[in-house]
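Following: one structure in C-alpha cells, then a few remarks.
When the chains are written out, they are named A, B, C and D in that same order, and each has its own residue count from 1.
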Amino acid sequence: MATATTTLGSAQLRAQLHAFVWSSQVQGVVAATIIVNAISLGFQTAELDQAWARAFALVDTVCLAVFVVEIGLKLLADRAAFFRTGWNVFDLLVVAVGLVPGAGSFTVLRALRALRVLRLISVVPTLRRVVDGLGRAIPGVLSVAAILGVIFYVGAVISTTLFGPDFPELFGDLHSSLFTLFQMMTFDDWGEISRVVSEIHPLAPAFFIIFVFVSALTVLNLMVAVIVEAMQGFAAPEERAVARRDIDDLRTEVRMLTEAVERLTARSLPSNAADEPHEDRLAPTPKHD
Amino acid sequence: MATATTTLGSAQLRAQLHAFVWSSQVQGVVAATIIVNAISLGFQTAELDQAWARAFALVDTVCLAVFVVEIGLKLLADRAAFFRTGWNVFDLLVVAVGLVPGAGSFTVLRALRALRVLRLISVVPTLRRVVDGLGRAIPGVLSVAAILGVIFYVGAVISTTLFGPDFPELFGDLHSSLFTLFQMMTFDDWGEISRVVSEIHPLAPAFFIIFVFVSALTVLNLMVAVIVEAMQGFAAPEERAVARRDIDDLRTEVRMLTEAVERLTARSLPSNAADEPHEDRLAPTPKHD
Amino acid sequence: MATATTTLGSAQLRAQLHAFVWSSQVQGVVAATIIVNAISLGFQTAELDQAWARAFALVDTVCLAVFVVEIGLKLLADRAAFFRTGWNVFDLLVVAVGLVPGAGSFTVLRALRALRVLRLISVVPTLRRVVDGLGRAIPGVLSVAAILGVIFYVGAVISTTLFGPDFPELFGDLHSSLFTLFQMMTFDDWGEISRVVSEIHPLAPAFFIIFVFVSALTVLNLMVAVIVEAMQGFAAPEERAVARRDIDDLRTEVRMLTEAVERLTARSLPSNAADEPHEDRLAPTPKHD
Amino acid sequence: MATATTTLGSAQLRAQLHAFVWSSQVQGVVAATIIVNAISLGFQTAELDQAWARAFALVDTVCLAVFVVEIGLKLLADRAAFFRTGWNVFDLLVVAVGLVPGAGSFTVLRALRALRVLRLISVVPTLRRVVDGLGRAIPGVLSVAAILGVIFYVGAVISTTLFGPDFPELFGDLHSSLFTLFQMMTFDDWGEISRVVSEIHPLAPAFFIIFVFVSALTVLNLMVAVIVEAMQGFAAPEERAVARRDIDDLRTEVRMLTEAVERLTARSLPSNAADEPHEDRLAPTPKHD
C-alpha cells in the first residue's frame, strides 16, 4: 500500500513537474537564456582579452546549466514519453554537445555549441509550427527527392568515370563529382567548369547541359510540389465560408416556405390530413458535414 | 469668444489647407518636381563644366524648396496626424537629408539626396498601393524570416569559430561570415569558396552544402508564404461575385414566392389569420455580410 | 458608274486577296520559307568556301523575295488596316532590315537579318497566342516594374556618386552603374564586386545587401503578380461551370414552383385575381451575367 | 488441332509469364539488383586493387544477367506489346548498353552502364508516376519551349555573326554561341562575359541585357505554365464537393416543396386536374453532371 501511494504521489508529482517545466513562464526563461547564450557565443567569436573571455565562458556555463536542469526536469516528468517528441531529442542532442568532456579544447565541438541557439525555434511555438509545417510537406516531396537522388548518383558515377582521370579536383572521386554536379545545378560557375572540361572532352558540355536541365527541372518539380502542398491548406477559406452561409440562409428560407405551404395544406383540407402523412416527406433532409 | 472663432477659423483653414495640398493638382506638381529632380540628379553624376554644374545645383535647390514648402504645408494642416502615416515620415526624412548643413560637401549626404526620387512611389497612388501590399505580406512572413535569421546567426558563429583563423577575409568576424554565408545562399561563387576552404578543412563542403540547402529551403518557404498571401486576395473575385449574385437572385425569387404563399393563405383563410402570427416566422432571415 | 464598279471590284479583289494571303496554305509556305531561311542563316555563320557562300546567299535572296511578296500582298489587301495589328508591323520591320541597301556589307545589318526567324512566332498561331498572353500580363505588372525602375535609378545615382571615382569600370557613369546593379540583382558575382568595393568603402556591402534584397524582393513581387495573373484565367473553369449549372437548375425549379403557386392562387380565388396584379411581383428577376 | 492447343497453351503460358515477371516479388528482386549494381558501380569509380576490381566486375555481370533474363521474359510474355510502353524501351536500351561487345574497354560505354541505375525510377511505381506526371505537363509547355528555342537560335546567329570573329572561344560557332547564351540565361558569369565583349563592341551589353531579360521572362512563363498545370489537378476538391452537396440538398428540398404544392393543388381543385396536365411542367429538370 505504501508503494501504491508513492507511485500515485510520484505520478501526481510528475504531472505537476510537467505542467511547471512546460509553463509559459519557464519556457520564457529558457528562451531568454538562449538569447543571452546566443549573444555570448557571438562575442566569443571575436578576439577577446582574458578577463572578457572568462566572463563569457561563465555566462556560457550558467546558460548550459539552465538547459541541463530544464531538460533534466523534462526527462524526470515525462520519462520515455520525452523521447517521443522529435523536438525534445533535438534539444537533448544540441545541449549534450556542450557536455562532452574537453569540449572547450576541440574547435569543432566548441563551434557546435552554437547549435544550441537553434533551440529558439523549438521553444517559440510560432517558429516551431513553421518547421513542423515544412516537415509535413516532406512526405509529398519524398518521391521527387528520391528521383533527384538517383539522377545525381548516376551523374556522379558517369562523370567520375569519364572526367575523373583528367580533372581529379573536380571529378576525382564520387563525392567530389556529387559536389561539382550539385554546384553546377545551382548554376554556380557551371559554364566555366563545362568549358574547362570541354578542352579535353569536347562532348562534355552536352552531358552537362542535359544534366543541368534535367536536375533543374526536377528541382522545379520539387518546388511546385511544395507550393501546391502549401496552397491546399490556405486557399481563401473565408470567402468560401461566406458562400456557404449564403446557401444556408437560402435553405432556411426554403424550409420556412415549406412550413407555410404545410400549414396552408393543413388548414384548407383538415379532413384529409390524417390519412396521408405527407409531413414525413417534407421533413428537412439531413444536413451533411 | 475671439479665441473660439480663431480656433474654429484655424481648424477650417487647416481643413482647406489639407484639401489643397493633397489635391491631385498639387500632388501632380510634386510628382513633376520629383521627375525633374531625378533627371537633374542623373546629370550631376557625370563630369560637368562649371556652368552646367551651377545650373543643375540651382534646379536641385528649387526642387528642394518645392518639397520643403509642400511638407511644411502638410505639417501645418495635419500637425500630429502627419506623423501617423508612415509615408509622410518617409517623405520628411528623405527631404531632410538635403537640408543638413554642408550636405553638398559630404559625398555620402550628396549621394543620399537621390533617395528623394523614391518619393515618386509615395506620390503616385498606384505605386504606393503596391508597396502597401508588400507591407501587408510582412506579418505572415515574419516567423519564417525569424527562422532564417536564427539559421544565419548559428551558421555565422560556427563558421567564424571554425574557418575564421584560416580565412580571415571570408570568415574573420561575425559580419564577414554573415556576408559570406548570405553570398553562398544566393549561390554566388559558393562552389569556389567551399573548395578553397576544403583545402584546410576537408569536411567544410558538407557544412556548406547543409547550410546552403537548409537556408535555400527556408527562403523557398518564405517565397511560398508570400505567394500564398498574395493569392488569397486575388483569386478570381469577379467569378465569385457572379456566383453570389446568382444566389442573391435565387433568394429574391424564393422570398417573392413566400410572399405569394402568404397572400394565398391570408385570402383562403381570413378568419384564422389573426390568432396565429406566422408572418414572424416567415420574416426574411438577416442577410450576412 | 465605271469607277463604282472598279471600286467594288477592287474591294472584292482585296477581300479575296486577304483570304488568299491569310489562308493556311500560304501561311504554311511562309512558315516553311522561314525555316529554310533560318537553316541558311545558321550555315552562313560558319566559314564557307565561295561556292557555298554564294548558294546560301541565293537562298537568302529567294526567302527575302517570298517575304517581300507576302507582305506586299498583305499591304495591298488590308491597306491602313495592315498597320493596326502589331504583328504585321513587326513582320514588316524585320523583313525591311534585309532590304536596306548595302546591308550585306555592314555586319550589324547582316546579323539583324536573323530577326526574321522570329517571324516563326507571328506565323504559327499557337506561339503567337503565348506571346499575346504574355503581353496581356504586362498591364497588371506595370506598377511593380515602375517601382523596380525607380529603385534602380536611385541605386545607380547613389553608387555612381559614391563609388564612381574609385571604380570607374563598375560605377563610372550612370549606365555602367545600372548594368553593375542589374548584374548584382541577378546574384552574378555580386559577392566579389561587393568585396572589391569594400576595400575602399567599408560600408559598401551594407548598401549592396540592402539593394540586392530590396530589388530581389520587388522582382519576386513581379513574378508573383505574373503567376497570379496567369492563374486567374486558368483556375478550374469547368468545375465552376458545373456549380453555375447547378444553381441555374435550382432557379428553374423555383420558377416552376412559383408558377404552380400562381396557378393555385388563380384557381382558388378567381374573383380577386383582377384587382391585384401580383404577377408583376412574381416576374422572374432579370438574370445577370 | 495440335497447333491450336499449342497456341492456346502458349497464350496461357505467356499470360502466366506476364503475371510472374510483373509480380511485386520479381519486381522487388529487380529493384534490389539495381541497388546492388548501383553500389558496385559506385565502388568501381575508385582506384581498386585487382582482387576487388574482379569481384565488382563479377557483381556487375550477375546483375546484368538478372536484367537480361528479366527483360527477355518480358519480351517473351508481351512480344510486340512490350514496345508499346516507353518505360520498357527505356529499360531495354539502358541494359543493352552493357551488352555491346568490348563495352568494358571503351570508357564512354563503361560510364554509360550507370544509366542502368535510372531503372530504379521505372521499377518503383511511385517514382514512375512522378516522371509520368512530368511527361503529361510537356504538351502544355511545348509552345513556350518552342518560343524559347526560336529566341535562342536567333540570339546565337546574331552573336556568332557579331562577336564570333573577336571572341572565337565564346561565340566562334553556332553551338558555342548557344552554350554561352544558355550560360548567360542561367545568370552564370553573364556580367563578366558581357563586360569582356563590351571592350570591343560597346553596345554588346544592351544586346545581352535584352537577351537575358527576354529569355528569363520566357523561362518564367514556362515555369508558370508548369505550376498552373500542376495546380489544376489539386485545387481543394473536397471543399467543392461539400458546396455541391449543399446545393443538392437544397434542390431536394425545393423538389419536395413542389410536390407538396402539387398535392395541395390536386386536392383543392380535383375537377380541373384532368384538363391541364401541369405535372409535366413540374417534372424535375434533368440533373447535369
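Annotations for the structure displayed:
Here is the rule we go by: a residue touches a chain if its C-beta (ideal position, glycine included) is under 8 Å from a C-beta of that chain, and two chains touch if they have at least 3 such contacts.
Remember, it's a predicted structure, so these values are computed and weren't measured experimentally.
For the touching copies chain C and chain D, the fraction of interface residue numbers used by both falls below half; the interface is of the different-residue type.
The rotation relating chain A to chain D, fitted on Cα atoms, amounts to 90°, rounded to the nearest 5.
Centre-to-centre separation of chain B and chain C, using mean CA positions: 29 Å. Those residues of chain B in touch with two or more other chains are numbered 187-189, 227, 231, 235, 243, 247, 250, 254, 257, 261, 264, 268. Considering their complex, residues 38, 41-42, 44-46, 107-108, 110-112, 114-115, 117-118, 120-121, 124, 126-127, 129-131, 134, 169, 179-180, 182-183, 186-189, 223, 226-227, 230-231, 234-236, 239, 242-243, 245-247, 249-250, 252-254, 256-257, 259-261, 263-264, 267-268 of chain A touch chain B. On the chain C side of its complex with chain B, the touching residues are 143-144, 146-147, 150-151, 153-154, 156-158, 160-162, 164, 173-174, 177, 187-192, 194-195, 205, 209, 212, 217, 220-221, 224-225, 227-228, 231-232, 235, 240, 243-244, 247-248, 250-251, 254-255, 257-258, 261-262, 264-265, 268-269, 272, 278, 281-282, 284-285, 287-289.
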